[in-house]
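Worksheet: one structure, shown below.
Should a chain be cited, it is by its letter among A, B, C and D, assigned in written order, with residues numbered from 1 in that chain.
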Amino acid sequence: MDLEREFERVVAADHRIEPRDWMPEGYRKTLVRQIAQHAHSEIIGMQPEGDWISRAPSLRRKAILLAKVQDEAGHGLYLYAAAETLGADRDDLTARLVEGRQKYSSIFNYPTLTFADVGVIGWLVDGAAICNQVPLCRTSYGPYARAMIRICKEESFHQRQGYELLMTMMRGTRAQRDMVRDAVDRWWWPALMMFGPPDEESANTERSLAWRIKRHTNDELRQRFVDMSVPQAEKLGVTLPDPKLAWNAERGHYDFGEIDWAEFWRVVKGDGPCNAQRVAHRREAHEDGAWVREAAAAYAAMRERAA
Amino acid sequence: MDLEREFERVVAADHRIEPRDWMPEGYRKTLVRQIAQHAHSEIIGMQPEGDWISRAPSLRRKAILLAKVQDEAGHGLYLYAAAETLGADRDDLTARLVEGRQKYSSIFNYPTLTFADVGVIGWLVDGAAICNQVPLCRTSYGPYARAMIRICKEESFHQRQGYELLMTMMRGTRAQRDMVRDAVDRWWWPALMMFGPPDEESANTERSLAWRIKRHTNDELRQRFVDMSVPQAEKLGVTLPDPKLAWNAERGHYDFGEIDWAEFWRVVKGDGPCNAQRVAHRREAHEDGAWVREAAAAYAAMRERAA
Amino acid sequence: RDDLVAYCLMLGDDALVYSQRLAEWCSRAPELEEDVALANIALDLLGQARLLLTRAGEVEGAGRDEDALAYLRDERGFRNVRLVEIDCGPGEGGDFAATIARLLVFSAWRLALFQRLTESVDPVLAAVAAKGVKELAYHRDHAAQWTLRLAGGTAYSRERVIAGLARVWPYVDELFTPHPVETRLAAAVDPATLRSEVDGVLDTVFDAAGLERPDVEQIAPVAGKAGRDGVHTEAMGYLLAEMQHVARSMPGALW
Amino acid sequence: RDDLVAYCLMLGDDALVYSQRLAEWCSRAPELEEDVALANIALDLLGQARLLLTRAGEVEGAGRDEDALAYLRDERGFRNVRLVEIDCGPGEGGDFAATIARLLVFSAWRLALFQRLTESVDPVLAAVAAKGVKELAYHRDHAAQWTLRLAGGTAYSRERVIAGLARVWPYVDELFTPHPVETRLAAAVDPATLRSEVDGVLDTVFDAAGLERPDVEQIAPVAGKAGRDGVHTEAMGYLLAEMQHVARSMPGALW
């Protein structure tokens, strides 16, 4: 019980728990699940944007996009490494992903339909991710917090690039402006859903807050995102697709309309437009690569024996 | 020997040999090989043009091209059927093709690089094929002659469509005219090679002429093609890529330059730009379809047993 | 009038995009006879597409012909159902069985639709439908025969046809979901009214083949929008890139 | 000056088209580390392409920037060697082994070329080469390591790498066949002079891996013309359709 008190003391003092420290099993499990889902999200998130690398309409945008998707693979690697410090096994986590036993962010179950989607994903999806993730830079588990610092830095770079693409497109042709508006219309609500269910329905929030894994509730973060995005949308010259969106001087926040929670749960449960496709893509890449991983392992083992 | 005399009498009288008639073994073998190669040429010939169906730049041209390539499959079917009347087996002939043991027209070992190639193939390649094939409508073997009548009718339709496409393109933009000229430059010499080696090097010509399988020598047909094509090229507004091409009033024919026979033999022997690709494509289609053919055969056998 | 344009585009795009997919089989079919048959079906549908796009352009009155509509529209302007655009092979996205499964579903649905459409108050649509009915009846019959052969052929072919049906089935509900245009336009057929008839036809084939109706989830629309609204799958962009590239590369060209 | 433009396009197109092919692996690599590595290589090459195409446009002086050259040129205007455009996977045209085989050959060749080019009389080419040499040395090393792993891994991986080398080898002679531009232009490197050096590098890798140099026929040019003359394989049109479609679809757009 000394161990548990020590754990609680460290957490309460806003210090970091490190891999060798004692931690409650629930804390470990919660973290492994959260970090794994986060890693999976980076990996699955490579697909909707990666789909546009081959078609990016300028070489500069092609390079930016390729570098971004590459960063996502890198983020996945840091995060799997962080999960491994908690005793998780990367192969096991990958198996959970490709067999559909572990989730990833539902936002990636929507299709990217035009090149403007690349910009809007940068602006809104990375923007929402940053709102979620900045507080995680101060999360109580050290390796996770350190991974998040690096990730957040890159994500905010991606977000600026996305927003800059949209600004450029809005200065372009009328067809381009239409494309941007169409993409904003399609991504706004799914972006709001990225913060998860409303607080009253979020089963794990309270415990995660107590353990200082999370530092804010879903609804707090969602509000922060809305407050941040509305002026950005105005500057961009697009209307967010929510007639109820309005400044509430009393609250000091923007009010916004009701999220379609039925859709939210449908997509979470696997029935979004692209769930099956995303998991199948990852599974195929994983299976197609099995012989290569086996060869690498056999070669390494052979070299070790020879040494 | 009565049989042999009767055979020679029928051939000499320009009547037709029919499947049930006696025929010399050499005649049968020569015909099977020639008809099979002709059938293979139709089937392999689907690839270079078929490659442009998905990209045809107008719906009318897409329909014309799809119908043409479909006709080629149909020609292949007639010809395999004609070969079967001589005791050949279609599966065996297909095996010879996909294993590279039997040839097809070398012309299809060149790549189609632009949509103008579709027009030039129609004009020059189908044009050369027609020169070769019209006399075959009077070939001594009945089923082959009848297949050729039908094929020639369709081929000349294809040739007119190809020429018409080129005429249309020449009335279009400068880029289109350049495209047509580039395609003509690439296809002219390979088209001349379609008539086979010069007469003095053509081993089988003499016997085929005696049996009235062939009715003209390679060089005669090649000259006929040149004479036919030069005025067509003038009308089209393109220059054929042969500085030696000139009317010879004495001969009453066009003179033309020396064919690159080294290239001819290289491509015949399998080292053209697309030989490996064409055979691999056919082999893959054949292998990928094996389970379907097996299923159809199993189902037919089952139905037969039930009946 | 906008609705009539949109409706012609819907039916025309279904045929155009599906024809593009079917033509991918050209020179790749399991046997030559099937190469001819699939090309025939693709040609029939291309013919339907040309009539319908031409009609859309005429009614629109903005000077767009079939080619302007086919080659110069962006993905979001295409109104085909998503079933026709997905990759069902040859190649990685499917195989001959998935191809036959889609042909069965599509032609059973479109035949029912066109039969109804022969009585449309719009005489052009009625005429297009009357011509199309004969073609579609052949397509459906062809697909049904192959379904029987594959289901009753070998153990492997049976497995493939079951997988093929599962590949296309998630896109079936969309076929029967009316778009506002289809509800408003008097000349249109409400696809919801076709469901039981089409289900009946498919069940008959499945019964004869000893197959079950696939038990798979339907692919969701995006915020209620799907193919008819120009919201497609990620396969569509690649299909259009290939289809439109030459035409877009040579503005002002004559073909 | 035309020769310098053409030469910049040759080297730039090699990098651009190969980068396009390598990026196809994105999200499909056998492991995440390799996803990162292949994207890195693709990015390096894309960077080289941008410098070279920009330079081509500047020397040409007709107002074409890197994007005009990448997106608005037709296939016959692309001057890359055919090795970089063929499909080596992921997917049907190849696999990871064919991909590594191409990377080994390409980067050994281009590294030798760029090493020579650092001494070019053209200061821009020399500078591009100096930067590229470091990148290409890494690419070559990466490919060599994988060649060893695959050749010495499992029986299957060994079979795959042998098949992969056979897939790309028919395009090797073209790398060393000088184009008239390369012969005439003082700033250029004559690729024929690189052959023995590159062969030596490859043989060292093959020896270490216990592999033989593939014994396959070279793919013929068309009437003496190949990639450097804009005469490509049939794979090239599809690659360009995908690459250029969005850019061509929106004339006048800003990106």
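Simple rule for what comes next: a contact is a pair of C-beta atoms (placed from the backbone, for glycine too) under 8 Å apart; a residue touches a chain by one contact, two chains touch by 3 or more.
If you're wondering where the values come from, they're calculated on a predicted model, not measured in any experiment.
Asker: Looking at C-alpha means, what's the farthest chain from subunit D?
Answerer: C
Asker: If I rank B-C and B-D by number of C-beta contact pairs, which comes first?
Answerer: B-C
Asker: Using mean CA coordinates as chain centres, what's the subunit A-subunit D distance in Å?
Answerer: Each chain reduced to its C-alpha mean, subunit A and subunit D end up 35 Å apart.
Asker: Centroid of subunit C to centroid of subunit D, CA atoms only: how many Å?
Answerer: 40
Asker: For subunit D, write out the residues touching at least two other chains, lowest number first.
Answerer: 74, 237, 241-242, 245-246
Asker: If you look at subunit A, which of its residues touch at least two other chains?
Answerer: Each of 55, 175 in subunit A touches at least two other chains.
Asker: Please categorise the chain-chain contact pattern as a line, ring, star, complete graph or other.
Answerer: other
Asker: Okay, what are all the chain pairs that touch?
Answerer: A-C, A-D, B-C, B-D, C-D
Asker: Considering only the defined contacts, which subunit B positions touch subunit D in the complex?
Answerer: Of all residues in subunit B, those touching subunit D are 48, 51, 55, 110-114, 175, 179, 182, 186, 189, 260, 263, 266-267, 270-274, 276-277.
Asker: Report the residues of subunit D in contact with subunit A in the complex, numbered from low to high.
Answerer: Checking each residue of subunit D against subunit A gives 16, 20, 23-24, 26-36, 39-40, 42-43, 46-47, 49-50, 53, 66-67, 70-71, 90, 95-96, 148-150, 152-154, 156-157, 160, 242-243, 245-247, 250, 252-255.
Asker: Can you check the complex and tell me which residues of subunit B touch subunit C?
Answerer: Interface residues on subunit B, with respect to subunit C: 43, 46-47, 50, 53-63, 66-67, 69-70, 73-74, 76-77, 80, 115, 165, 168-169, 171-173, 175-176, 281-282, 284-285, 288-300, 302.
Asker: Give the list of subunit D residues in touch with subunit B in this complex.
Answerer: These residues of subunit D touch subunit B: 74-76, 170, 217-223, 231-234, 237, 241.
Asker: In the complex formed with subunit C, which residues of subunit D make contact?
Answerer: 74, 91-92, 237-238, 240-242, 244-246, 248-249, 251
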